[in-house]
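So, here's a batch of structures to check.
Look for subunit A in each of the two complexes below; its partner is subunit B in the first and subunit C in the second.
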Partner chain A sequence: MSTPQAPIARQMGALAAALRRNAWTLGLFGILGVLLVFTKIIQPTYGVTGIQGLAISVLPLTLAAVAQACAVIARGIDLSVGSMMALTSVVAASGMDGRSEGAAIVVVIGVLLLGCVLGAINGSLIVLTRVPDIVVTLAMLFVWAGCALLVLKTPGGGAADWLRDLTKGSVLSDWTPKAAVLLLAVVGVIWIPIRRSRLGLSLYAIGSDPLAAYRSGVSVTRTKIFAYMLAGLFSALGGLSLTASTGIGAPVPGPYLLLSVAAVVLGGVSLAGGRGGILGPMVAVVILSLIRTDMTFLNVDTNLATVTQGLILVGVVMIGSLIQLRRGT
Partner chain B sequence: MRDAGGATTPRPRLLSAAGLLALLRERTIIPLLVMLALLVGLSEVIRPGIVSANWTGVIIRASIPLAILAGCQTITMLTGGIDLSVGAVASMSGFFVATLVGDQGLFVAILVALLLAAVVGLITGIGVGALGVHPLIMTLGMGLVVLGFANVWQVRNVQTGAGVPSQFRTLGADLTFNVVPVSLLVFVPVAILIIVGLNRTGFGRLLYAIGDNPVASRLSGARSWQVLITLYVISAVLAAIAGFLLSGLTNVASVTLADTAVLPSVAAAVIGGTSILGGRGGYGGTIVGALILTVISSILSSLGYPEAVRQILFGSIIVFVAAAYTRITSTS
Partner chain C sequence: MTSPSTEYLLEATEVSKRYGAVVALESASLRVRPGEAHALMGANGAGKSTLVKVLTGAVRPEEGTITVRGKARTVHSPAEARRGGLVSVYQEPALIPDLDISSNLRLTQTPIDPFRDWMAKLGIEGLDLAEMARNLPLATLRIIDLARALAIEPDVLMLDEMTAALPANLTERVLQVVKDRRGGEDSIIFISHRMTEIASVCDRATVLREGETVGVVDVTADSADQIVELMLGEVAADVLEGTARTAPTSQELDEPPRLEVRGLGSSARLRDVTFDLRAGEVLGLVALEGQGQDELFDILAGSERPSAGKVLVDGQEVSFRHPADAIRAGVVFVAADRADALLMQRSVRENIALPFSVRMSRWGRIQTKQEKPKIDKAIETLQIETRAQKEVRLLSGGNQQKVTIARWVAGGVQTMLCFDPTRGIDIRTKAQIYPLLRDLAEAGAAVLFYTSELSEIQLACDRAIVIFGGEVVAEIDARDADEATLLRAAHNLRSDAPLPEQVVGSADVEEAKADHSGEANDL
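After this line comes the complex of A and B, so read on.
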């Protein structure tokens, strides 16, 4: 009688462990669900258009958050995410301006490569100079923002029609906006193979304990450069999404730096590195954005929405560290 | 490679090189002053006759708010922290005084602004010190909160109008005899307080101790949470003072006035030799760092370079200087 129960118990145990491991992300999905219901209650007309607008509006910030998560998981932080987005966005916009639809494909590929190069430069500088990540990326924030201003002094340029169409409308059903599907597809195609590979494991390894990773044969320097390269790539995707949604490129970095760090922390990625995934930060971005939407529906001053975002960020981190303090002692 | 070269060089030269390195390690302010002098020389070469008493006064006047904000970064970085809320706190303080001064008078307005800043610092300090929130996150979050509240306040006061009090304009922008900035009246006491506080008081030593080795300082009886709360209150009050001067200097009362000064303030502290990892640095270097950044800005704008080049150069200098420090201080 006990033999068939043992595997079930083990499975239950494994399920419980998986649930516990992803408790934070599941909690975020729970909050998102509650928020969506709440939105529907306070604004009964909220529906397809609302969801589509939400998907388009969160696209750049979600990619910024994923970029930031890549750096933070490897125990880094990339303060230049917003600047890299601005630079890649203006390069894309000025490259596609007045060119044919076909040439735009080359531009897009070139911009993605540019993102990788920018990130690789960030990472190499950190590794070579041995200056803390935060200082190097702070400095590179200036450098990339300056380069963006050199490319385009004022917002301008253009975007290919197919790129602009990529984020508009929906596929399959009205409830699956193209922007959301595209986002999940792009992030999934890049992240899942990496996460499953040795390289992904190395990312987490140097994040949780660089010395242990080094002793077990992981090249810490190469992995770190790779982490920043990934951050650059996702920033370039974020820049492209900016160009796609506005049709132009703006050389001034948006508020993506602060919000990306906020989303990463809310998304359950530990700033100490080595813990968390990229799904959490993505959900966190949607939650933050939805809270803002709800506050406009409730006719709350939009500035109070900024206050709320700050309070949520601080509050969540405080509660998180309180829990850790309790467990530690 | 350096070692191989060193082995073939004669002994005395090696000793002097090592001695020089040791000297640089002890007194990082010397190369900074050399760099500042070179930059001033460069200004003169580029625009002969530009370096005058008046020019010096203008440069110092422009450096002072930056140097005070960089002071916030210096004292927080010594403990391994950082204060990214200084921009929001400084802007808010300047803005509050400008909106309140009409109804309440200058004294009350300043008092209210300083008190508000202290409350912000207190909350930040509790988060960092008592609850163990990462300073970067805590100050980012508080920056958002302060900016939001300042915006709400701005919307409420849009009818009443705002004006930077004339006393602030005198304090922030005037040059006595066209040379000596009046803002030195504020800056000199602040600088002396910070330097003496860091070097001569137990509180200062605690800051270094916490940044150098948090565990050891806790084991030797330092109540780091009390120190950190006090530290962030001081930092916020300093930011408010910088905000007063900045609003006077620019004659602008805006809730985003000091936002662009946040990253340069970190840069000034880093260039000045304060380690972002904590435990090493001082305010003297930071002041020179702020002067260096201001002179570079002035050179670039006198050459007619666009803002873009200034930013690229700023960034490159930070990486270069920080890398040089790491080399000098880590090879022992």
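After this line comes the complex of A and C, so read on.
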């Protein structure tokens, strides 16, 4: 009888569907693999230290990209990601400065809550004023950046030792840097339960078709505020990672905003909302960073490297879209 | 004492709603008994959709009360209405395109097994729940939306133009489900422009006009006239008048047809379509959903290229690479979805002027002086309601559709392709569109008219072709093209075969309609 074969066939079908759905992310992993091999070829000494350095250096931007992805999936965009990182970073650094190791735990929790509050303010303003997301978050970019300078005029403050140790070195084996494990753990702990809940579905729903979502009984306003709250939370984590890796807080935000948007696009998240995930943008950050590293190894002029980075971004997205178009998905 | 059957399940009393100076609802009332299918009728702009929005909590009324089972209710959102047992199925499915079907069900907390049962009852089996909503055809999505609503056993189910553009076989299934639910505990509010459907499934009808409830009618086989009269008020006499065709216009056989389609094919759907469209005729096109008609129109309008066959315009072979090529060759397209064709935030005038101002002076400034008379004439011909001159999106659906037609009329029509132009439009506007198509044909234009509403063929066309499985399977003279004949042909059945699951009661209404138009012809 053919009955035992039917479930297997269905499982194969489901597997194929899952592969198809995550094709973009799988493609990114492919590119990453090729890049790593390429790096090893042009720089034979690239190894454990290189990987560890890479993990630490991509930490803040990866969190920024995740923050941005949360907003973009819900058909928004958060231009204040970089400013929120700066603000949370200086609050953390000045809060921990001269305090005990134990008090630092309170500060870290406080900073994470602060991130949620900042994001919730962004989201609420968008929902209440009905001003477009891009305008509100642009305005808040300046507000949060100003607040960061009010907290600390110049880079300073301190960080608890345990926090600094969190990102240094490796666990289990030399090839698994602590920073990378921590990143995956933190993002996983926050994102996976959300993705599986009705709230996560709502996030995709309002990004995909707000009217249909509303009619399906989703509260579009509440979900939007939640999306920005998540963006704020991940920005705060990014800010903390900055303080952890440098030991101080810097009031002027790094180039995280535009790079986070670039990573989101390269990571397969549709700027029109509703499509894509979190893993894609994270891998995209590593790819962008590795390209930069390779350029340095190849002694390419930094300005030329920036141009190349941009061209690669456009090229990858274009080719990827073409492939998707051809397959009719 | 009132017996339970006369008590109302849902009662909306004296509801009014204004948008600025515009009164959308003025003392509208709706009383629905348990176990009845209740039709909500009214021309476009009569306030139907506002009343639906009030009932589902999407809009808050200024005045009026809503009671469910005798208890006053204020509903603030569709989510709340859902919890209160009031569920709507809209013309555009409320499914999230980027989520698969099982996620969509999870989003609305719909139990899977009853959903599957309803899907089977509605005639769609073996649906893969892991399929993304965006990959499914519209008709399937509508059925999914309905099954999803039925699966949570709502007290009141609201169907808003549910059957618009559904293929005939699925429409029958839907109507059957509505019928089967009558007489139970729960009620259905049924909104449709199709009188035959109302007559076949509804017990009573509430008619709205200009935001007011103007009558509640017990639906019988011949209440169509009464409903139409109520809907239209004093203008009722003009409607459906003179639209039925007499003899087809004589065809000039020595001239080449305006449009010759030869063996056209593309993808799996459109296989081998051949027909002629002559100047001076309105050619009807009938097909069940997904028989290749979408592809055919896309090719003729220049949006897609065929994989086989050829198209000749005035005897010359053409190959359109872009809609602009088609427009240049005088082949223009009127889509069912107004939103696809109009610049919603621009004015009526700009929208009408767009295609031909682009043509008249490709470079340099737009010659508004030359434009104006043409546009004025088009607006007048089509009787477009221009009070909302500013932005097209403020017009009713019917008026928007008239704008999409007006833009081609203003430029001078040679060949017009209409894809279900009356979808979701009120009967008054429809009754203006049919004679307009006739007038265009009489003035020498060739019109191809696809419709999902079979009764329109006799109202507007000279002859009709039927497409099934990507091929033309029948050509029928309009005089013989009654709904039964067309439905048989659309299913590719022989003309004497029994109708598949025929809708009971529709024949009576057809008769009523025929009588009505007969009178008009005598005048």
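As a working rule, the second predicted complex is superposed on the first by the 306 of 329 C-alpha atoms of A that agree within 3 Å, B and C clash if a C-alpha of one lies under 4 Å from a C-alpha of the other, contacts with A are read in each partner's own complex, and residues count from 1 in each chain.
The working rule: contacts are C-beta pairs under 8 Å (C-beta built on N, C-alpha and C of every residue); 3 or more make two chains touch, one makes a residue touch a chain.
If you're wondering where the values come from, they're calculated on a predicted model, not measured in any experiment.
> Quick check for you: in the superposed arrangement, does A:311 touch first (subunit B), second (subunit C), both or neither?
first
> Quick check for you: in the superposed arrangement, does A:214 touch first (subunit B), second (subunit C), both or neither?
In the superposed model, A:214 contacts subunit C only, not subunit B.
> So in the superposed three-chain picture, is A:117 touching just subunit B, just subunit C, both, or none of them (first/second/both/neither)?
After superposing on A, A:117 lies clear of both subunit B and subunit C.
> More residues of subunit A are touched by which partner: subunit B or subunit C?
B
> Based on the superposed arrangement, let me know which partner A:205 touches: subunit B (first), subunit C (second), both, or neither?
second
> Kindly classify A:321 by the partners it touches after superposition: subunit B alone (first), subunit C alone (second), both, or neither?
It touches subunit B, and subunit C stays clear.
> So, does A:271 touch the first partner subunit B, the second partner subunit C, both, or neither?
In the superposition, A:271 touches subunit B alone.
> In the superposed arrangement, does A:26 touch subunit B (first), subunit C (second), both or neither?
It touches nothing on subunit B or subunit C.
> Which positions of subunit C touch subunit A when the two form their complex?
58, 77-79, 82, 88, 90, 92-99, 103-104, 106-109, 128, 130, 135
> With touch defined as at the start, can you tell me which subunit B residues reach subunit A in the complex?
82, 127, 131-134, 136-138, 140-145, 147-149, 151-152, 155, 263, 266-267, 270, 276-277, 306-319, 322-323, 326, 330
> Spell out the residues on subunit A that touch subunit B in their complex, using ranges where they run on.
77, 125, 128-132, 134-136, 138-150, 153, 258, 261-262, 265, 271, 301, 303-311, 313-314, 317-318, 321-322, 324-325
> What residues on subunit A touch subunit C, complex-wise?
On the subunit A side, the touching residues are 13-14, 17, 198, 201-202, 204-205, 207-209, 211-219, 274-275, 329.
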